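Got a structure for you, questions after.
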Amino acid sequence: MGAEGNVLVSVPPKEHMAPLPVRVLKSHRELADTWTLELDSGPLGAKFAPGQFNMLYVFGVGEIPVSISGDPLNTSRWIHTIRSVGLASAALCATKSGEMVGVRGPYGTCWPMEAAEGNDLLFVCGGLGLAPLRPAILTALRLRERYGRIAVLVGAREPTALLFEKELHVWRGRFDVQVEVTVDSAGRGWFGEVGWVTRLIDHVRFDTDFTYAMVCGPEIMMRLAARDLVERGVAAENVFLSLERNMKCAIALCGHCQYGTTLLCRDGAVLPYSRVASWLGIREL
Amino acid sequence: MKDLSEIIASHPFFSGLDSNYVDLITGCARNVKFSAGDVIAREGQPSTEFYVLRHGRVAVEINAPARAPLVLRTASEGEVVGWSWIFPPHRWQFDISAVTLVRALAFDGKCLRAKCDADPKLGYDMMRRFAQVAASQLQATRLQLLDLYGGRG
Amino acid sequence: MSDKTRRIDVNYLARVEGEGAFHLVLRGSEVVDAKLRIYEPPRFFEAFLRGRDFREAPDITARICGICPVAYQMSAVHAMEDAAGVKIGGPLRELRRLLYCGEWIESHTLHVAMLHAPDFLGYESAIHMAKDHPDVVSRALALKKVGNEIVALVGGREIHPINVKVGGFYRVPSRNELRALIPRLEKAFAEAITLGQWVSTFDFPDFSFDYEFVSLRHPTEYPFNEGRIVSNRGLDIAVADYEKHFQEQHVAHSNALHSVRVGAGPYHVGPLARFALNSDKLPTHLKDFAKNAGVWPVCTNPFKSIVVRAIEVIYACDEALRIVRSYEEPDGPAVSVDPVDAEGFACTEAPRGSLYHRYRLDKGGLITDARIVPPTSQNQKTIEDDLRRLVPTMPTDNDELLQWRCEQAVRNYDPCISCATHFLRMNVVRQ
Amino acid sequence: MKNPEASIPATHPSPYFVRFDIEGLKRLIETLKQEGYEVLGPTVRDGAIVIEPIESVSQLPCGVGDEQSGGRYRLTQRSDRSRFGYAVGPTSWKRFLFPPNRLLWRATQHERGFSVETPPVDSQRRAFVGVRGCDLAAIRIQDRVFCGGANPDPDYVSRRKQTFIVAVECGSPVQTCFCTSMGTGPAIGDGFDIRLTEIPDGENPYYLGLAGSEYGAQLLSQIDAIQVNESEFAERNAILASAAAQITRHLDPDHARAVILENPEHSRWDEVASRCLTCGNCTQVCPTCFCSTVDDVTDLTTGVAERSRRWDSCFTMEHSHVHGGAVRRSPRSRYRQWLSHKLGSWWEQFGTAGCSGCGRCIVWCPVGIDLTEEVAYLATKRDAPPEDAP
Amino acid sequence: MAAAKPKLAVWKFASCDGCQLTLLDCEDELLSLTHHIHIANFLEASREVVPGPYDLSLVEGSITTNHDAERIQKIRQSSRFLVTIGACATSGGIQALKNYADTDEFIRYVYASPGYIKTLSTSTPISSHVTVDYELRGCPISKTQLLEVINAFLTKRRPAIPDQSVCMDCKAKGTVCVMVSKGTACLGPITHSGCGALCPSYDRGCFGCYGPQGSANTTGLSARLKSVGLTDDQLVRVFRTFNAAAPAFHDAGLAHERQNETN
C-alpha cells in the first residue's frame, strides 16, 4: 500500500492516550491537603522504576501526571501521593475506596539507582518532593549494602506539612541511614531544625567524589540545592532533579512538556543537573 | 580535656583563623552548658555574648501575644548564634533557647570588641565571618518566606 | 371591598424579553392607574451611533436586541441604502426576506410555544408545560431551530448575525447550501401548521377592541422590508414621513411618555396589525387557515395574537421555501454603497411590529444623528390601555387570576423591553 | 534529515521515468479514485490555492500563479496553463495526517465505575496530489514525531500508511521559500509513490512522472505515457535549476541551531515580541508543528465523558500552564520557544530540524515576521556585553 | 431525585438579552438539560422563581445603575458559582461606549425628560463589583460554550474553552486568512476565540466581539492595520465596539485617540 515503506512503524500501535479504569483500593489522608491513593494495578501489575509517573484520570474532570510513590517491589497496586491544588488533583484526592480512576503509564525516566551503586546517596526532598523519591529511598534501603552512606534530607513548610512522618521516624531508627528534617517555620513543640533545606547538606557527611544526589521539590529549591551540592564538590552529572512542566499526552506527542531541548515526559522528568543547569537560570523557559 | 584554644581552633566557625588570634580571643571565651528548654537570651536584653555551638541545638524564636513562640530558625553544632554584640545598641533581637542539651563557647562581646578595635586586622576577620553568617541566614530566610512547597502534584 | 384601593404589582414580568414590571391601582373594578414600567437601564444607542461609520450601523444596532437582531440590521441597512440612493433587488433582496423569515420563525415560535402558550394552559413556563405536553414543546423547539438555521446560514449565526452588510452581504450562500434547507423547511412548514392548529384550540377571553392598526404595506407582498406605512384609519404615508405622523405624548394618568399617532392617539403594531392590513397578500391556503381559526380577515382580540403569530410562522416557512427553491446566486455578495451626505429612512417589520430607523450622515459616511423607534415603545400605550379595559371584565375578588390574566395581556404583545428601554421617553421607576 | 538527492538531480533518466500530458494526469486521478482513494489536491478557493478533495483534474488551478511575501499572499495570472505553477499555499498536508480535531476516547459511567472506548483509527485511503519537496520533507519530519518514538500515534500511523503521495517538483518558488537552505527542494529525491515534474510548455503543459514505489509504477503503467527522453530530462533539470536560482532566502540550519540555543537572553527576542501578535498562525500553517492539547468534556445528560485532541500552539498562554500559572507568560518567551524548538531543540528531540523551508510561517504571519531574518539577526548582532551598553 | 438537581439561575443587567436567549436557543439540549438541572430562576423563560441559594448563576449584562450595583451583590451572595455570560457582563458591553463620553449629554440626546433618567456614568463588567468564577466571552456567547460551561461547573471541572486567538480556529477550519490574502483588516490575531472564526469564513475581518485574547498585542496589530490604510480615527472605532472597556482594547482605543488628537 502506498508509501508504506516510508512509515517507521509496522505494527498498528494502540491508543496510548486511553486510560485504564482501575479500582481505588484505599485512600489515606497524609496531610491536610494531601492524600495517598492505592489503586488496583490489575493483571499487568504495577511495574515501574523509581521516579516514573502515571497519568491519572478522574471521570469527567481531567487527567494529570502524578509520580509513583509506592515501593517498586509491590506490583499489586499503584501508589500515588497527591496534593489537592487544582480541580483534577482535588477530584483525585476526593475519590473513595471502591471508586474508579483511570491510569496510564508508567512514563518517564527514573532515578539512577544502578549507576549510583557504590556511591554515597543524598536524597534532598522539599515538600511533596519526598513522594517521587520514596520509591528510590525504599530501593536504596532494601539494597543497602550496594551503597555507601545514605542521607535523606527533608524540607517542609511546617511540622504538620511533613509527608510520611511515621516512615521518616522508622528510617531514622535505622543505624545505616541519616535522616535530617527541617521546616520553614515551627512552633515551640518542634524539636527539629528550622531553616532552609539546603542547610542540611552541611549536617551530613558524604564523599563528594563518590556521591549521587537525587533532588526533588519545587524548581527553585532544586536549583539552589543542586548549585549548593556542586559548590561542595559533587559532580553535576551525579546530581539528579525531577522537573515539572505542563503535560498532556505523556508520550512525547503533544509538545507541551518541553524544557530546554528535552521533552520532559520522555527525556525526564528525572534529569541530571549537568544537562539542565544552564536552562535553570533562563527565565520563562 | 581539651584546652579552650584548641576547641576554638578546631571549630568550623573559626577555621583558618591565625593561631595568634586564636590565642588572643581565647581570653574572651568560656565554656557554657544549657539544658533543653533553658532560655539562653531574651529579646531586648543586652547582648553581651555570642555562642559558638559545640553540641546540641538552639532555637531562635520570636514571641507573639496569644500564640506559642515561633521558631524562626535553629542552629546546631558548628554554627554560631548572635551578632548583636557587634553593633550598638547591643541588644538581642530574638529569644534564644536551648532545644536540646547545648554545649557552647560563650564569647564576651565587650572583650572581643576591644581586641578588634585594637587590632583592625582581627576586627576585619571577625566582621567577615559574621557577615557571611548573616548573609547566608538572610538568604535562607528569604527562601523560607517564599513558602515554596506548594503545588507538586 | 368595592371602594378600597388595591394594587396589583408584578415587579418582575416574566417570559418577556428584558426587564419590566406593571402596576395597577384599582378602586373596585375601576382602574385608577395602569403602568407598564420599565426598569431596564438605558444604553444610549442613538447617542453613541453618532460619529460611527454608516457601515457599522447594522452590527451596532443589532446589539439593541438579541431577540430580533435581524430586524435592526434590516432597518439599518435599508436606511443607509435609502440615504445613498441605492436599491437592492434580485437575489440579494430575496436573501434579506429569507433572513427575516428565519427570524420570524425563530422569534414567533419562541413566543407562541415557550412564552405565551403556558398562559393559556396554566403553566409557569414551557419547561413546566413540557412535563404534560413534551411533544408540543419538543416539536416547537425543532420548528424554532429551523428558523435559527436559516438565520445562521444566511446571517452567519443566530444571534447578532455577522453577514449583513450595507449593500448586501459579505458572502452569499451557494444554491446548494440553500437547497439543503428544503427538507427541513418542508417539515417546519408542516409543524407550523400543527402548532397553529393547536393554539387555535385555546380558550380565548372574550376581549377585543377596535385598535388603530399600523404596519407596512407592500403592493404585492406580505411586508418585511419595504412598503408604505398604513393604518386601518386611512393613514398612508411614505416611511420618510414617519416622524411627522407619530410622536411621543404625555398622558395624564401615567408618568410615561407614549408613542401616539398625531391627532389620533395610541395605535397597535405587530402581527395583528400586519395581518389586518395585509391578509389579502397571504396565499390562499393561509387565508383558509385563518378562516378556520376564526381570525379572518381581521382579528381584534389581542389574546388571539398567538394564532396570528402562528399564521405568520406558517407564512414565513412558506415564503422561505419559495425563496430557497427559486434562488439563483447573485453576481456578487453586495453592491457598493459609497458614503454620502444625506439622510436615510427605513421601516421594517420586526416580529413585534414596525421598527423605524433614521440616520443623518456626513459626507465621510459618519453618522451625525440617529433615531430609532422600536415596536414595543409604540405599543406601550396600547398595552396599558388594554390592561385598563381588561380589568373591569374580570372577577374582582381573585387577585391571583387577575394578575395572571393581566400578565397574559401584556404578553399578547410579545413586548421586547430590551429594545424599548433605549428609546422610550419615559420615567424609569425603581423598586 | 537532509536528503542529498533532493538537491542533486540524477544525471540519467530512470527507466521508470515517463512523459504524459494533462490527459495522463486526468487518468491518474481517475484511477486513484477508482481504487478508493480520496484525492486531495490544490484548488482555488477564497483567493488562495488550498488543498481540498478534488473530483477531477479540472479542479486544479489552471494558469494560476502566486506572489508571496511576509504577511502577504496574492494569486496571479500566469501566461501558461500550468496546473502546478505556484508555491505552497496556506494548507499544509498535516491536516490530513494529523487532523485539527480528533476524538481520542469516550468514557461511559456505569454503576460502579466507568469504561473507556476508543474510536477506530482512520482508514480512508488518501492520495496527496501535488506534494512539494518542502512538504514531503515536512511529512517525514512529522513521521519521526508521530511514528518514531516508543508510543506512536495510531491514527497518524494508519493515515500515513493509507496515503499515496504524488509529489510535484517545484518550478515556481516565491520569495519566502528557502527549501534550498534546508535541503528539501525544489527537486525531489525520494519519499513519494509518484513524482511529477511539470513542464509548462505554453497551452499544453506535460508531465514527467517517476515511480517511487511499486504501486506508483503500477499506476503509471496504466496511463498512456512514453519514456522520458534526454531533452525532456534536460528541460526538467533546467526548470529545477532555475527554480533553485530564484530562491534568495537563506538560512543555515546548523548555524541557526547553534545561534538560537546560545542566545536565550538576546535583546532581539524583545524586539520580535513587540511585533509578534502571539496569534499562533505560524504554528498552525507550519507543516511540522505538532503541538496538540486535549479537551475533557462531559455531558450531564448522558453521563458520557470524552477526551478529544486539538491543534495547540506554543504561542498560547495555556500551552505552558502549570499549577500556579503559565511558565511562558511573555510573548518574548513564547516566540523564543517556537523558534528554538523549530530550529534548535528539534534536533535533540527527533534528530532533524523542525523546519522544511516552506516559508508559510512568514507569509501567513499577519505581521510578516520572518524567521530567517530573526536568525540572521541573532547570528550577526549578538548582544553587546553589559559594560559597553549605553 | 428532583431535590438533588442543581439549581440554575439566570440574571440580567444592562444587555440585549441575546446571551440568555442562547440558553433557549439550545433547542436540542434544553429539555434534556432540565431533567438534570433545575432552572430555578430564569425570568425570560418562566414565572416560577425558586428562592436561592443557587448552584450556578449565569449573569448577563453590565452594571450601569446604582440599583444594579446593589443587586449584583445579593446575587453573588446567593450563588455558589457565578459565571458571567457575554461581552456586557465580562467587559461592559457596547454601552461602555458611554464611558468615553459625557453621560449627561447622552441622556439629553436620547431622552426627552433627562431628569427621569438615573444612571451611572459608566458601564462596568460584573467582575468590577463581585468575584466571578468564570467569564464566558462573546457578543453573543456561543451556544456550545454555554452548554460546556454549565456542564463543567456542575461536574466541577475546567471548561474546555481555550484562551487563544481567533486565528487558531480559523486555521483549524481551513479558512484562508482574509488579512494576508486580501488585505482585509481583521482583529482575529488579538481576539479571543469562541465564535468558530465566523467572520473570516464569511469573507469579513473579525471585529472583536469576543474581546481581547489573553496576550493581545494591540500595538503590533495596529501597526499592521495602519499599513492596510486604517487611520487613528478609524482605529479608535475598531477597538471601541462591543468590548471597548476590556483593558487591552480600552488602552488601544485611548492610545489611538491621543494619536488622533496629535495628528
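Quick notes
As written, the chain order gives the labels A, B, C, D and E, with residue 1 at the start of each chain.
The definition used in the following text is that contacts are C-beta pairs under 8 Å (C-beta built on N, C-alpha and C of every residue); 3 or more make two chains touch, one makes a residue touch a chain.
What you are looking at is a predicted structure, and each value in this text was computed from that prediction instead of being measured.
In terms of the stated touch criterion, the partners common to chain C and chain D are E, listed by label.
Contacts with chain B and chain D are shared by A.
At the far end from chain A, in terms of centres built from Cα atoms, lies C. In this assembly, the chain whose C-alpha centre lies farthest from chain B is C. The most central chain, judged by C-alpha centres against the centre of all protein C-alpha atoms, is E.
Interface comparison, D-E versus A-D: the higher number of contacting C-beta pairs is recorded for A-D.
Spacing of chain A relative to chain C, judged by their CA centroids, is 65 angstrom. Distance between chain centres (mean CA atoms), chain A to chain D: 39 Å. Put simply, the C-alpha centre of chain A and that of chain B have 37 angstrom between them. Centre-to-centre separation between chain C and chain E, using Cα means, comes to 25 Å. The residues of chain D that reach two or more other chains are 293, 296, 298, 322-323, 329, listed in rising order.
Multi-chain contact residues of chain A (touching two or more other chains) are listed as 60-62, 85-86, 89, 244.
Each of residues 155, 157, 203 in chain E touches at least two other chains. On the chain A side of its complex with chain D, the touching residues are 1-9, 12-21, 23, 59-63, 85-86, 89, 98-100, 102, 244-246, 248-249, 251-256, 258, 260-263, 266-267, 282-285. The touching residues of chain A, counted against chain E in their complex, run 60-62, 87-88, 90-91. Contact residues of chain E toward chain D in the complex are 29, 32-33, 35-37, 148, 150-152, 154-155, 157, 160, 162-165, 167-168, 171-177, 179-183, 186, 188-190, 203, 213-217, 219-221, 223-224. The part of chain B that touches chain A in the complex is made up of residues 57, 59-61, 67-74, 76, 78, 99-100, 139-141, 143-144, 146-153.
Those residues of chain C that touch chain E in the complex are listed here as 12-19, 39-48, 50, 52-53, 56, 59-60, 63-67, 69, 110, 114-115, 124-128, 130, 134, 137-138, 141-142, 144-145, 148, 156-160, 162-163, 169-171, 248, 255, 257, 333, 407, 416, 418, 422-423, 425-428, 430.
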